[in-house]
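In order of appearance the chains are A, B, C and D, and numbering begins at 1 in each one.
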Amino acid sequence: MSTQTRASLQVDLAPHNPRELILRNPVIPASGCFGYGQEYSHVIDVQRLGAFCSKGITSQPRAGNPMPRITETPAGMLNAIGLQNPGIDAFIKKYPPIWEHWDVPAIVNFSADTVEEFAEMARKLDDVPGVAALEVNISCPNIHAGGFCFGWDARMSADVSRAVREATTLPVIIKLSPGAVDIAEIAAAVAEQGVDAISLINTLVGMSIDPVTRRSRIANTTGGLSGPAVKPVAVRQVYQVAQAVDIPIIGLGGIFGLNDALEFFMAGATAIEMGTVCFSHPVAPIQLIDDLQTWLDAQGCASIMDIVGVANPQFRAGKDS
Amino acid sequence: MSTQTRASLQVDLAPHNPRELILRNPVIPASGCFGYGQEYSHVIDVQRLGAFCSKGITSQPRAGNPMPRITETPAGMLNAIGLQNPGIDAFIKKYPPIWEHWDVPAIVNFSADTVEEFAEMARKLDDVPGVAALEVNISCPNIHAGGFCFGWDARMSADVSRAVREATTLPVIIKLSPGAVDIAEIAAAVAEQGVDAISLINTLVGMSIDPVTRRSRIANTTGGLSGPAVKPVAVRQVYQVAQAVDIPIIGLGGIFGLNDALEFFMAGATAIEMGTVCFSHPVAPIQLIDDLQTWLDAQGCASIMDIVGVANPQFRAGKDS
Amino acid sequence: MAAVLGKASAPVREWTGEITANRTIMGDSYLVTFTMPEGLAQHIEPGHFVNVLPSGAGSFDPLLRRPYSIYGIDAAANTMTLLIRPYGRGGQWIVDQQPGQSLNVLGILGNHYEVAPRSSHLLMVAGGVGAAPLKMLSEQAVAQGKSVVYLLGARREDQLLDASELPHAVEYIVATEDGSAGHKGFVTELAANYLTWADQIFTCGPTPMMAALRNVILQHRFGKGPQVQISVERTMACGVGACLGCVVETKKGMKASCVDGPVFDMESVVWG
Amino acid sequence: MAAVLGKASAPVREWTGEITANRTIMGDSYLVTFTMPEGLAQHIEPGHFVNVLPSGAGSFDPLLRRPYSIYGIDAAANTMTLLIRPYGRGGQWIVDQQPGQSLNVLGILGNHYEVAPRSSHLLMVAGGVGAAPLKMLSEQAVAQGKSVVYLLGARREDQLLDASELPHAVEYIVATEDGSAGHKGFVTELAANYLTWADQIFTCGPTPMMAALRNVILQHRFGKGPQVQISVERTMACGVGACLGCVVETKKGMKASCVDGPVFDMESVVWG
């Protein structure tokens, strides 16, 4: 069965927020893999994207980790960039004024060391023209909890979510860490705080040792594992979270092409992000928009929403929208 | 610098146990990937191995999960065999009597639903000729804890370890699950119970969806992720555990060849297991023994122990032996 | 008459074969020929398969070997030929390799078809690349003076096996779904005509095809009827009975299709 | 005189190039030539690099592109040549591709060497495959009537660039570690002789070689001395400044070597 009209790729990632996060398509380059949007603007037509996530920022400028920062692993890579960024104030002066004139919504990814700092950053970003939404990276250590990662604990994840929710009326996406034992529990605790959406997964903690130097291949010892290697973990976690929350999910982790993205949509994601693939195939996000359109049309779908969660019998995410 | 004599590959995996687990080399095919040792005996010279781990057994016979049980993922695979096995009693009758006549030590891998069942199985295996050691798989759900995996919780992991330790004088290896938030905490809790060694990692929980059928590619929905894809996670966890315990560690997860194995030794493993690689390259374990010998000789090492933990500044595992 | 077929018993080696020929066949498939170690040829029987690594040295992706039935061997040249339809990235990598390049092969794997000495009329029912093991079986049977009817089903004419691939003595009859050659419809519809003629039936193809064949046979069956041997297709990892990833439910419990099969007596299998 | 060199500004495209030639050079390396899209050639300057995908369609391993300097272009044929020494599995895959097969390429990337209009004496100091960008630079400089001394260091004679690869006008002097050709020792030892002669120095090679060159220059330096441009080598992921995986610490902070480099003024870099 095929239809005359083309399937709609539009998705709504903040159905309950008056400030809205409606994307014309569900394809979003992921934080840390797309710079501040400009780096790829002479390689692809950035304006065609559903949105993009900017490199994670912090309240103070950071020089990042020593080199080497990246290494390749089987079907994946490790990175320990160390959140090199100019700090929120310099960031606000430099990038959003450019984005203001862009068609594509910019989602600002940020992280902090304390709950208060998260709230303060959200407050600063609340009114900045050119910022469409916030993505809150909770895969960072809580300095009040001895370096234990916020995202591994339901209460700490909820604390950050609540603080950010109260500090801004912008659409808020909480980005979960895959290191949690029970990702559905974390997601439920986060969703209860009234945030608009959840994204997952961030990188897994990994390590690679060079037998010649007998040292880690990453100066920071451990790094974050991303790429196709982690896709099965990511699909599983999206599937589990989609049974636990009713807000939209943005799925990511190793998406390189159409079939990968379909796995995430069918598991329950309303949109997807693409990280590592940007390095191997910068054109992949644009290609995916086209491939999704063709595939949905061929399947006779009226909308991308027709396939969201179809592989997930207890699917709830986004169902109320 | 090179030496005349050849480096020793011998390792001691139970330095405090009178029943001993001294292997002539540190290469061990992993549980579930080497059947009961016989399947590969006409493909490679099984007797040359340091040891082998047999397919996980349970107290009752199990038919296993419905098909499909396996699927390929980027540089990895998912499996949900469902512990198909004849049950401990039939197992004891059938396999150990064969192994009794073998040179290579057989390590019996098993799992259970309750702490008592773990103890009972260990007791049954304690005196069986042909059984050299036990590997206790705690990556299985505790039916008294609502399906929560034993291996994700330090107290539950310690409970199983203590019960097995008390039930047998055989060398006991506890096989950790990588799903724990803090693997070092689990390892420390396990080591305190007086077990002889720790092995890690078991598989990560993953999922893969077929866009055509719109269903999981695994009948059991989720499966265990193994192979090169998981190696960075495994190396990192071995590295962390080697700082937390002083008993020997057996490292595994994605080891295909020499350089992979060296990563684990340098992170702190005294021996390694090889799982998924057996499917792609059945000769890989034998090849690794030869490659290790050549490499250690070229490096002028007296023993494999010379490189154990060299990449790990806070290395402790096996240090007291 | 669910006879128990033999278990895998041929020697298993991992070897690097050099490709000596690679040509297209059946429209979208390939005949890939490569060298094998001395001493294996005499152990190879129709129905045996090998597991081919679908990536080069230095790559871990795709990771798992792909099983392919043996299409033919040349004992003099010490080469083996596989008939490969690339469904996905592993098969595609294999058929992309050119003469002079190499393949890493694990084999000989599995059990094999068994022709009873007193059977003289053999019916082959093949679907698509299921043609492969039955081609070798037909050659052997004809050489032993048996009568062979070889039925092959495909979607279109260009996906059929060229008649020149089979021995002259074989009666080769085809069916295509679009009617572009032979019977228009399914190959199983042709089979009905030979059920009383055949002493044994050998089949290989997609599971729905074999299930359909079974229905045809059950409908027409009188008395004991011919014994039917099927070659099942399961996703495999090890190929030697070690992983239990490829099991088939039989009336005698779960069997590993790589060592207790791939050839089973049709009636020994539990049909879903 | 730490001059600020330009940032990456050439157009960046992802394209599939067809390999037109692949031959060995310098003992263990390869010159791989492949097609490029129309309209790129005129933007290519010496020092520019491209990122080549080291695996075929259908494989995710190896995953990350490998950066290679442009060795030469043929604007008429619209082809580009890279000089590749395969250190590991990615490089090996690339050099294993044969004419007719294809490469997925991302470029043109990075900034480039800059020859000041009033410089007339140019010294090139190359180590190993660092020869690549300086070969293109030498060609351009000779064409502009500049005098070029090209120093190359290698381990053994067979790892040197054949003189025929360079324009005749270039004064080509070599050093080998084992003394099998030219000066016995390091190329940096030869450089000392040309420090007063040179208006500008251009270097590319292993980091220790460039550090040694810097020591030689610092020791001999009088007055302002020649400006030195180095091409640094960092592990890269994106090649376009998006990942911050390839940074170099400079006196003006962390710079991405893929867009603020790979060519830096030697004195702008913080030496460890």
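Everything below uses one rule, namely that a contact is a pair of C-beta atoms (placed from the backbone, for glycine too) under 8 Å apart; a residue touches a chain by one contact, two chains touch by 3 or more.
These numbers were taken from a predicted model, which means no experiment stands behind them.
Visitor: Starting from the defined contact criterion, work out which chains touch chain A and chain C both, please.
Guide: Chains that touch both chain A and chain C, as defined above, are B, D.
Visitor: With centres defined as the mean C-alpha position, give me the chain C-chain D separation in Å.
Guide: About 53 Å separates the centre of chain C from that of chain D.
Visitor: Can you compute the centre-to-centre distance for chain A and chain B, using the mean CA position of each chain? Integer Å is fine.
Guide: Each chain's C-alpha centroid was found; their separation is 35 Å.
Visitor: How far is the middle of chain B from the middle of chain D, if each middle is the mean of its Cα atoms, in Å?
Guide: Averaging C-alpha atoms per chain gives centres 47 Å apart.
Visitor: Give the residues of chain A touching no fewer than two other chains, as numbers and ranges.
Guide: Expected reply: 74-76, 227-229.
Visitor: Where in chain D do residues touch two or more other chains at once?
Guide: 60-62, 90
Visitor: Have a look at which chains touch which and call the overall pattern line, ring, star, complete or other.
Guide: Topology of the interface graph: complete, with all chain pairs in contact.
Visitor: Write out the stretch or stretches of chain D touching chain B in their complex.
Guide: 60-61
Visitor: Please give the residue numbers of chain B that touch chain C in the complex, ascending.
Guide: The touching residues are 32-35, 39-40, 42-43, 55, 63-64, 67-72, 74-77, 79, 81, 84, 227-229, 256, 276, 278-283.
Visitor: Sort out for me which residues of chain B touch chain D in the complex.
Guide: Residues 74-75, 228 of chain B touch chain D in their complex.
Visitor: Could you pull out which chain B residues touch chain A in their complex?
Guide: Of all residues in chain B, those touching chain A are 73-76, 78, 152, 179-181, 204-209, 211, 214-216, 221-223, 225, 227-233, 235-236, 239, 254, 258-259, 262-263, 266-267, 307, 310-311.
Visitor: For chain D, which residues are in contact with chain A within the complex?
Guide: Touching chain A from chain D are residues 11-14, 53, 60-65, 90, 106, 234-247, 253-254, 259.
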